[in-house]
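If you scroll down you'll find the structure; I have some questions about it.
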């Protein structure tokens, strides 16, 4: 397991939070499989495949949460468009999986996915070329969200679109994409999106073992992306980013090209989101335009807030907690779970401005309310003048 | 060290909580999963079906349950979120080990749970009219297939009303797309000229209908008898009908034939301006049979609201539940394999006085009724098929389908190509 | 340092905010190594002038050149900063979430592109420079503290320290002693004077005693243009100055 | 009752006139006529729809005094037969209003007691029959003293111009006094004589119809200019053909012009909806910097208030909406103030915190409504004065409810401006939004002002809800479907600038409607979104950017 040697390196840097986080991750990645395979189903300790799929899904969300925490918690840019990057990555993977179905589709067309046969499409549209190769798909998973973020960010940051304005246009972006993908004529399966996947790299997606492997891979990716994010934020660049968050124009006067820093972080975080999406699809077995819904972006932000922004592991923990709460509430109190979730958000924002992690790490106690009010991290606008 | 421990408490907590959930004890009841959205956009339609099944379960338990056991409902809320549907389906099948699931409304929700049901070999009763093009070993389709709703409706418009010019207006997703595709093929086959067919799609929840309705009005004023065949979905209907009413498009001039508008949808509209517009269903609340009267009575007492309407998907749920009960009694077990084995051929009376019979393709026989909207939001049945119509998974009017058939009794395949003698699709091995 | 020994030319600068002329044909020149105090009543355009020089505000007309050939108006804020012009704001703005040390580190001169800073490791020289500055601004003891808990005066100093880290040819210092105790003021005065010669320094200040204590040359702004320039005594004896400023 | 007999008299006169007009048609004796009448009436009970049509014709021919009453009852679904004795009756009112119906005797049209709707079966009509009945009844209406009824009758009769109708119209036009009706009849007759064998008549017809704007006229004229399959022209006469072509051309041109106006109006009405949903936000978000995700839910609450008010005052469908307007404002405002006092006031200066908290609030509010009213749609009736269309001419008509919403928006907007500009409260709101500390120093209770401001914004959201209840579903998700648009409008217009929201919303609406015919609904929307994103690149602070130092932090 990669995490071990990294943990040493981390703890060498006296970052116990990371150590614990990666440790816990290792536990998940190792213990869960064992509990699933070794322990008999009768035992109370047995982890069902259902449990595994859930954890797998949560870990994907955790990666997404990292991405959002990096751009929001550290750089102070609230992006409400990460659902778009997530979904684009997901669609890229989905297109690969669709091509893998080959002639086993409902209409048995060797090339065209069912929905195309169905819409009387005669040939594969150009943007589907290459997706029969896994490497190409991987490439696209990084390229598509990345380049969208690059183009979008380049314009936005250059023309100094900041704060709420940025949040709203990112929301407009994902909304537009959602509407576009809902159109059947777009060639992405319309409202149904992609589903009924058969296998990935020749491994049957319906087998529990494959799901197990996917889970472990996801855990690995989460650990890796965590370490990269950690490296970024603890580098000098990381401090510049935080400086931008706290006092943007001051940073400019120190001679830093704020736009380019923002752009780098934004693009990286978008790519991360894309990867999260790509891991998500094979484990969930469906991808459709509703993943673009702006509401999803907002929920992601909320995971981060609940967990504790600007800590990375807080964001990840938040993603796990909120989603677990959702899973639990929706079956425990199907009629009223929205109250619980809503209340959770309100209470956390009111009483835990630093999220759960802030609570457990006890840093809040040292602070007076007035001080908390001044924390620029919690306002999208760099406070200056 | 304690603080550091607590830092990841969240994570640990989550894991621990899983175990607690996994470790739920099983008790001596037959569990029935109900997989309908109780929140989000689809809650409008689906909550009713949840209540219907709950009512049926209560009734069955009054009769002493099934196989000597009580029935226990397991209700979950997939919140109109398709991935969540898949997750919840898995939860019901793997965690709660339910014997059967009644659920789903939209096609995409069904598509997203399908892999789960096939992997875990579960049993799903799907109670909504849908586009066909599917027949799964693990699903019983108690809603109408296109040939049990769309085709008869269009035949009625063509023969009884003498419609010559057609607007196919739909929400842009798979059900309208498929239905319209089938209808277009059908109309062209009947010699309707292409320029007399206008197909248009609008997004989900579309609410600004003024321009579209004006366009329909224009298209309709070409001198030939014109009708609108509407596959507009849920949310968009109310604004659509409000606009029709406001632009004074009377049913006598341009009748609108809807496939997704029933008593419940109309309970949200002021129906006075809509009198005479049409809907095609396999059930109407206004149909006067003892069974239906009793059902409505039972529903009103159960829901404690004498004004609540019934509708077609409710009847489909009713039929589905009774079919399952009959099959379980026949098989003497709730084991999915055995139940699925006896289901084809199983019969139960529907609410309109005929019999609903499960066919080898996992669809059922249904009568088709055409109703005209009444000022009170109910329908007057103005036409019905002589007998019941067997549901067809694959449309005979689509070239892509003509060789394909579904048969789970002899062929053991939902997507069998008679030409190539091969089985492909959902349960491809 | 290439920036050394450059002269700042500000010529015929005019800036107006919807009608109101903040700067009006402003012309002034800062010689290399000079310590210049700029005074003037509120709304005289002191801050606006700094905004233009540092690229925050674009003028309607006029030119700002640094040295004979470098046209500042064509540069962005970071480029101007890179060109060796540092600025301290009226209200002290330091990075509250970062420690004193990190604040200074960020101000270090050198390549400031993302990738460079991403992989940057602190060199001995840089460490040494930071320690020096910490000494100068007397925050060695607080270097590990988050800067938000510093006192107002200390923040002012930290910001000046950050200017020193940049090692600019020209420092623009806006009201450095506002809200400082007399002792602090004294030290600040000493500090600024110690910079003279090595750097050009422009100090905008209200506190006349402070100005008197440090200034060789004083420029008086009024309604966006220079009404007097010279040493403190000349300026104070200038009737127009007395009228618009000291008198008023 | 007296009045009633008077009516019978009028019908008798008309009946005689009718007989006179048809020489072939014998005069029955009253009694036998009654008998026949009842017989054919009785056949309605279990006749197929086709037979019913024939029977209707018989009834009409019979010229029995109560034909009109019976047929009117039939078309209005008020014709029943009693289950035990199969006797036909007319019900005074429709079944949905009451369980027991007051009956009239179809012959005497006098009261015949009452019966519960369970013992009665209604005689069904379908669309086709309704059409037949309407045209039949129209002939009676033709002689009505009321010009508007006559007009309707003519329009009904135009829908099938058979020999009889043309006959009747010919007679009518000679005696008709009302110019509008006369014109209508003239064009109807012209429409008919387009098919006459006499070229001169056709030519005359074309020239009468040249002025018309009607689509069906246009179609007829165009048909005349087309070639029939065998290559010869449908209209043989060269001169007539050219006249027809010219007429068709001018009609098309004028119709195009009016459809342009129509699109513009569509744009305005969509725009005004956008404005309405946005201005509330322009206050909470723009002025106070609160990203209120619950704004949509406040609109939903406004809509539900409308519904509740309507239910609370049964039988006042026309007026309840007027009551709903202040009610919705108050309810939404109070809830808004509650939210502000309990949650938002702890979060000032932290816009994102407000986003998260209010998102939670929106979840709670949705679920609350779902628990109280169920997830089902609620039906809000459209009062008569708001339904229907304002028929400006045959080519251009404007639906009243849209028209009223445009007006409503303008009123709300104006009112808001007045409040902010000319009232003490408005002054304080602006003061606090510009410089809280200073305002405080000047003794303004900023706490109170915050509450009031938020209340005001929420109240306007409530008003938007009232309007939306007239356009779309009233259900717990109502807010969700509008929240994004409202934020876009505010940002597009420039945060904190009401005029910005106004221009922003209107232009978005118009652009959307202009594009829709070409691009289709979805692409039009997407285009608008992209345009908006690009626009923000050019003007990062929207159409009307907030100015002054205060805005530096925005």
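In order of appearance the chains are A, B, C and D, and numbering begins at 1 in each one.
Following the convention adopted for this analysis, a residue touches a chain if its C-beta (ideal position, glycine included) is under 8 Å from a C-beta of that chain, and two chains touch if they have at least 3 such contacts.
As the structure is a prediction and not an experimental result, all values here were calculated from the model.
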### Task
Tally the contacting C-beta pairs at the A-C interface and at the A-B interface, and name the larger one.
A-B
### Query
Which integer distance in Å separates the CA centroid of subunit C from that of subunit D?
67
### Query
Between subunit B and subunit C, what is the gap in Å from one C-alpha centre to the other?
73
### Task
Report the inter-chain centroid distance for subunit A and subunit C in whole angstrom, where each centroid is the mean of the CA atoms.
44
### Distance between the centres, which are taken as Cα means, of subunit B and subunit A, whole angstrom
34
### Task
Going through subunit C residue by residue, note those that touch at least 2 other chains and give them in order.
none
### subunit D residues counted as touching two or more neighbouring chains
366-367, 370, 480, 522, 525
### Summary
subunit A touches at least 2 other chains through residues 179, 182-183, 335, 338, 384-385
### Task
Report the complete set of touching chain pairs.
A-B, A-C, A-D, B-D
### Task
Please name which positions on subunit B make contact with subunit A in the complex.
3-15, 17-19, 21-23, 38-39, 74-79, 81-84, 86-88, 90-91, 94-95, 107-108, 111-112, 114-116, 118-119, 133-134, 172-174, 177-178, 181, 201, 203-204, 400, 415, 417, 420, 422, 424-426, 428
### Query
What residues on subunit D touch subunit A, complex-wise?
285, 291, 293, 343, 346-347, 349-353, 355-357, 359-364, 366-368, 370-371, 480, 484, 487-488, 491, 495, 522-523, 525-526, 529-530, 532-534, 536-538, 540-542, 549, 552-554
#### Entry: Complex interface listing, subunit A residues touching subunit B
16-17, 19-21, 23-24, 27-28, 32, 44-51, 53-55, 57-58, 103-108, 115, 117-119, 179, 182-184, 190-193, 195-198, 206, 284-286, 288, 290-291, 307, 313, 316-318, 320-321, 324, 327-328, 330-331, 334-335, 337-338, 356-357, 360-362
### Query
Which residues of subunit C touch subunit A in their complex?
54, 56, 76-78, 81-82, 86-87, 89, 91, 93-98, 102, 105-107, 109, 112-114, 117-120, 148, 162, 166
#### Entry: Residues of subunit A touching subunit C in the complex
232, 235-237, 239-240, 242-243, 245-247, 249-258, 260-261, 264, 371, 374-377, 384-385
